[in-house]
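Two complexes come next, and they have one chain in common, chain A, joined by chain B in the first and chain C in the second.
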Partner chain A sequence: MPDTPVLTLRDLSIDFPTPQGVVQAVKALSLTIQAGRRVGFIGESGSGKTTTALAIMRMLAEPGRVSNGTIDLAGTDVLALSEEEMRRTRLSRVAYIPQGAMNSLNPVMRVEPQMWDAVIAHEGALPRGTLKARSAAALASVGLPAHTGNLYPHELSGGMKQRVCIALGILLDPDLIIADEPTSALDVVTQRQVMQTLNDIQRKIGSGLILIGHDMGLMAQSVDELAVLKDGELVEHGTVAQIIDAPKHPYTQDLIRSVPLVGGESFLNPDRSAPAPRRSSREPLLRFDGVSKTYGTVTALHPMSFALQGDTPQIISIVGQSGSGKSTMGGVMLGFNPPTTGRVLYEGRDVYGMGAADSLDFRKNVQAVFQDPYGCFNPFYRVSHALSFPFRRFGLSEGKAHTQRAMEDACAAVGLDPDLVLPRYPHQLSGGQRQRLIVARALMLSPKLLIADEPVSMVDASLRATILSNIYDLKDKHGISILYITHDLATAYHVSDFVMVLYKGRVVEAGPPGQVIGDPRHPYTRLLIDSIPWPDLNRPWGSDDWTPEALEHEAQAAAAQFRGNVPGFDLQTE
Partner chain B sequence: MTRTSSEAQSGRTPPSRADRRQTRRLRRFDSPWMNPKLFWGLGLLLGIVAIGLLGRLFWNLDLVFTGSNTLKLPPVGFENLRRQEGTWINPLGTDGSGRDMLALIIMGAPNSLFVGLLASLIGMTTGIVLGFTAGFVGGRVDDTIRVLSDVMITIPPLLILVVFQSAFGDVSLTMMALLIAGFVWQSPTRLIRAQVLSMKRSGYVQMAQLSGASVPHIMFREMMPNLVPYLFGSFIASVTTAIVTAVGLEVLGLGPQRIPTLGRTIYEAINAGALIQNLWWWWGLPTLLLGVMFIGLLLINLGLDEVSNPRLRKLS
Partner chain C sequence: MPVIPAAYLKNRLITLVLTVLIAATLIWIIPRLSPVDPAEIALGRMASGAGTVANSDEILAQLRASMGIDGPLIWQYLSYIGNVLRFDFGLSTASFPTPVSSLIAAALPWTLGLMILSLVITFLIGNLLGALMVWDRSPKLVRVAIPAAMVFTSIPPILSGLLLMWVFAAKLRWFPLTGAYGLTVEPGWSLDFILSVLHHGFLPALSIVIVTFGFWALGMRGLMITVQGEDYVKLAEAKGLRPRYVLYRYMIRNAILPQITAFALKIGLLVAGQVLVERIFAYNGMGKLLYDAILNQDFPVIQGVSFVIILMTAISVFLVDLLYPFIDPRIRHDSA
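Right, the complex of A and B next:
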């Protein structure tokens, strides 16, 4: 029965009373989802995607409440159910796979009993054999081996945990599955595998699926219909083809345009022609001299040598999956994580054997932007503390007024209103604003080298382009060299002068981005590029015969590919 | 669209009582220090301090000496077993050796609080220093401090203190506070060590390191302010423990011999058979005051808990 709606939302409004007045998180939302259809909810954080999903589950956080409208789940009025009826409905008829599902497994229970709990809660006590068969079947259907059931959550990888959560969700054949950013914490390769699993299983049980996310590419590859939400309002709804090919609402157009594409139009300032200011230096700015890092028996980084000259500022991208050793490399460069062998030299001096004065100079000149913009500010202080403290500490300040002016200039340079932002506390700002403040901080200190470790992976898609062009401006206008650590090949393609692809602690392919990413030769680079979800229906992603294992196997054996050099960066590997 | 706007207008009717109460709760949610539990708890403790201060100004404290009046007089409005009525000369009655109860309480109640505060102040300071050292330095130092505090936690303090106090004979209040302090530093040490360990890896500490901050700066300017709610909570908890320990010792007759304390008054009452002679005011009044003190501390602790942990702040 493809025509019966599994979910009908009519004029759904959700209110959150606050001291400043009632905030309408969702405004008169009407939507119908047919059985077997996949619908994507897309929008920025705060647009009401998750709130709508939680309202369907009747799990709204206090003090939120449905103020108007109806939720009809395949003929049942969800809002009229009693608490006990609702409990029975959850999971058996509508399953919710929460955001960061990997943290929602009980760490002290094996996987199997957690699944049995779900069955017992709905169907009463069943013989152990039946339970075991049920959980094994569910695990098999998401492509996990049967012995997974006997493991504890910490013994599973992120992708496996996510699949266990999907297995839990489909255990009772629900009419509707709600997946709230199921892959936001996973890297591209795993993301593609998990999305395939989710789509396969949804097709098999023929349920409806709501996929919540903010990545237009992922949506284009995984859903049939798209609902675009902005500030709690449904601004556009239609099939994926309609929306991707001919977006009507300006917000949708923005969303689509904000996805950086390999080979596509650049999102950076068009006038790249102006040469970046040069610095004079004799010694290489940063030199890795046979640096490796091992943790016990695990080698995070194989011996690696390179030299980054200081005279021409440039952006070197280090690309790889999680666990490829790229963040270890960042930590080693910053002087936080001493290498097991080899030396890290900053302008000819060993970073790990510096005196106090040299160390302060190194700190001033090598700065960082971290992944998590939420943790970077001390919640006790106003955000201006994070900007003014290092400025004074490094002796750049010539008095209070000077510091204030420098902060205001830096904020303006990254497109923030200083009067609005600086006197606030960190929790009053959005993730994007905070990350831009960190970039402004780097700008104020004007270091020689900036290490940007996944600076945009926790920021809304629509803001990524802005922050990246802020970072790019650091090089272009202020002559700061940048090491950009990322898993996102598309952005690396646009911003960098040189790309290194890291796989299991080794450089497997390196060269100018046009060659490495535009025309990959190493199987691992190909695997990474294949995994990118394109917001383009003509570049399908979900072919079923895609086997990352084969490519990865090939990648183990393949030799590293070096594709030409850029002046000022010399890479040697052994 | 028209529908939503008309609804917004209908929402502007004067707020009902329930709505106003909701708003008040929300306001409390926003300014956590306006916590009724905290107020009541502080009020009770300040009340006890006030008894001590005002009493010294307005009451004749010479009445604490033995035989200053008739023995075993009841409070005003009551009769004792000898059919004597309470008089305004001793509004709360007298004890078995004719000491005025009011004067005893005025002298004794602040003493108990003083021992508790001093002991936990010393204990907390030790705990902060050791906790920060262990968390920050790590390695051998951390092992030593951790094992030491773990071992000390398992030792029942009263047992050791009984031995100590009987060896010392008569002790001063400060001496007793010092001895008790030796048993209240362990849990703050562990608490702070755990917090420091998790904070050390946080983004803002890394940022401070990148900003060239010195170790003392990171400890006291970046980490410490975020620990304040925990420190307060832990402080109040150790004040409670310290008072319980002090009173325990006093009731056993092991506290200061020459200074009136609430515990010592109870000890003397029990010794003189006040329970059998129905001299309830003798042991009852100090117990009541101790009860008030503990309830005050408990309320402050609960209040601070809600302040530092927003999840406990209920909206409904």
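Right, the complex of A and C next:
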């Protein structure tokens, strides 16, 4: 049924009155979505995408309110409904799949009752058998076995939780599904599976779909139309083909350009002045000597040996899906997670058997950047305290003025205005700013090694390139070696000197990025690369022509591919 | 329903026994650090009654023997532990020669009845009110009234008790002033007696409730604010669930979990915390027993009461440990 609008927004404006004045989150937005169409809302955080979606659900957070305009949901004026009518409209006519599927399910209820209560709230009490059939059918439609319904949320993986949320969304065949960054917490392989599930089911029930996101590649592969939002305004709207091939608005052009591509143009400005190596020992900077890690019966990391010399600064990327053992590796390197077998040596000293003085030296020289920029600051202290504290703690400060200068230099190095950020509290800063401050904090201690675990997966796409070039500068300008842990092969391709692909705790392919990522030989590496959504309509995302079992079979059959070492980094192959 | 594994049960039981043993040891050590000799006090009491006591040295030695404070320390300790495990705390020095255990046995049911009832009521009311303070659909009146009612939390329980006595017992004469049951009824499982107990218990219970509900309400408020921002609450609303159902099954159900642990810990504090309430209502419970024992330096009773308090806390924590995996599926019996 083409040309039947399921949603019409007319001049929609949303205000947030604050003590400092009214913030206009959405400004005169007009948009029509036809039945069966998939529309992407793309823009940075704060652009009004989620706010618009919540307004359609009439679930705006206090003190937000619709100040002007109308929301028409397939002939119903949403803003005119009573509370009870609106409650009945939710899920039955418009389903909202919130961001962060990790926490979207009630932790103390099994999956099934969380589907049943939704059905009962709209259709009244039903016999248990009927409910069970309904939930089993919905779970089956997203590719989950019926017994999933008996599990508690913490027993599901991230991808499974996201599928459960999709199953919930389609329980009552809504006219419109709103999916708010449904895959932002998932790795590329799972992302592709979940998006295919969502698209298949949307096609089957013929509803409209709003996909909210900030990744132009994902949008290009998933939607029919794109609505580009910036600061609450719709700056461009058209079919995906129009927008990808001929973006008119400069902001849209930026968004497309900001996606790092394998083999594409580099976003870095390498400085070839080659800084002096930070080395004080003849031993390798970091050495894994037969390190493995098992949790109970599960092997997270199979025995692994490598040596990072540190003669010249290098970036070593460790790539893989969630569960591949890459974060376990990071924890082991940082001295947080003792290996089950083997030794981790920092300049020849065992990280897990250090005395107090050596341990302090290790902590100063091995710094970390983690995934979540929100959890890395103590909310009670100003940024200046967070930055200066480790500096003073490690005895680097030569007085107040010196500390201040060091903080200012570090902020400037990551492109932040020190006067603006230093006196603030962490909650007053954006995620991107915080992540850059964490890089700055690490830089102030002039470490020899930085371990960066998914440093950009939680920040806006447009900022990823900036933060990665900050990290790259640590190597390039400050001579710091870096272990970059990520699931994003495109960025690994650009920043690294050496790439290790991890699958189920084993290195399946390793070598210089041009070979490993540019010309993959192992089936798992190929899968990772094929799963990257490209902002290019001529490069299809591919069909889901494999199952985890088939992959496992193939991956185990395939020999690990070692594509040569680079000087200064020796991965021992058995 | 998961079954409690035997290994877990064994572990928890060992912890329980160790806690109780360590506590019993402390109870034994602390009075021995005091320079007061309870035998001399008892003798003094006899002397003040009779005017003079012949062969006082002999009596003193006998008293010490009966109090278990003669012989080498290690022997005193071992026989004390052996006795305590059989709930034999010796003889009260103040009401000599009544066994401490029978004093406790007489007082304990009253305290358990009054205190646990008022604790349960406080827990329910406090948590519900705390939740309503946060819920965005609470009536305006509720949101204004609850914080105002919190004022009572800052009143010491003796004052609120006296106030209630003055208004409801002395002026209105709705409730009796003091005592645990009427003088005219025969203790037993008769309807008259039960009604009399409830009638007498109402004011002390109320004075405890209005003073302590704020503790639960404030705690619950903080927990609810956290839960309110959770994604699953947002999704619950997006599913079109009825608001009241979301409040109970999604918000309170999750927010209350830490409060249940606090509840177990409160059970032990409740005797010590409500000593004065029992005192002013002349309610013959553990609190009053402890209060009188302290005044009279009646060490065996102090030790016995302290031991029972610790035992109650340890048992309630033990029960919560067993219960927790059933109320929070993320906690497993083997993970502890």
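Rule of thumb we're sticking to: the second predicted complex is superposed on the first by the 551 of 574 C-alpha atoms of A that agree within 3 Å, B and C clash if a C-alpha of one lies under 4 Å from a C-alpha of the other, contacts with A are read in each partner's own complex, and residues count from 1 in each chain.
The rule is short, and it goes like this: a contact is a pair of C-beta atoms (placed from the backbone, for glycine too) under 8 Å apart; a residue touches a chain by one contact, two chains touch by 3 or more.
Computed from a prediction, not measured in an experiment: that's the story for all the values here.
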item	value
When chain B and chain C are modelled together on chain A, clash or fit	clash
Partner chain in contact with A:C165 - chain B first, chain C second, else both or neither	second
Touching partner for A:R90 - first (chain B), second (chain C), both, neither	second
Which of chain B and chain C A:P19 touches, first, second, both or neither	first
Which of chain B and chain C A:M59 touches, first, second, both or neither	second
Partner chain in contact with A:V39 - chain B first, chain C second, else both or neither	neither
First (chain B), second (chain C), both or neither touched by A:I467	neither
Touching partner for A:Q367 - first (chain B), second (chain C), both, neither	first
Contacts of A:I177 with chain B and chain C, given as first, second, both or neither	neither
Superposition clash, chain C against chain B - the stretch among 4-12, 40-48 or 274-282 that is involved	274-282
Residues on chain A lying within both footprints (that of chain B and that of chain C)	62
Contact set on chain A toward chain C in their complex	57, 59, 62, 87-92, 95-109, 117-118, 121-122, 152, 154, 165, 168
Chain A-touching residues of chain B, taken from the complex the two chains share	1, 3-4, 7, 11, 22-23, 26-27, 29-30, 202-204, 206-213, 222, 225-226, 315-316
Chain C to chain A touching residues, read off their complex	136, 230-232, 234-243, 245, 249-250, 253-254, 257, 327-330
Residues on chain A engaged by chain B in the complex (per definition of touch)	11, 13, 17-19, 22, 24, 27-28, 62-63, 67-68, 334, 336, 359-360, 363-364, 367-368, 370, 372, 374-381, 386, 389-390, 393-394, 438
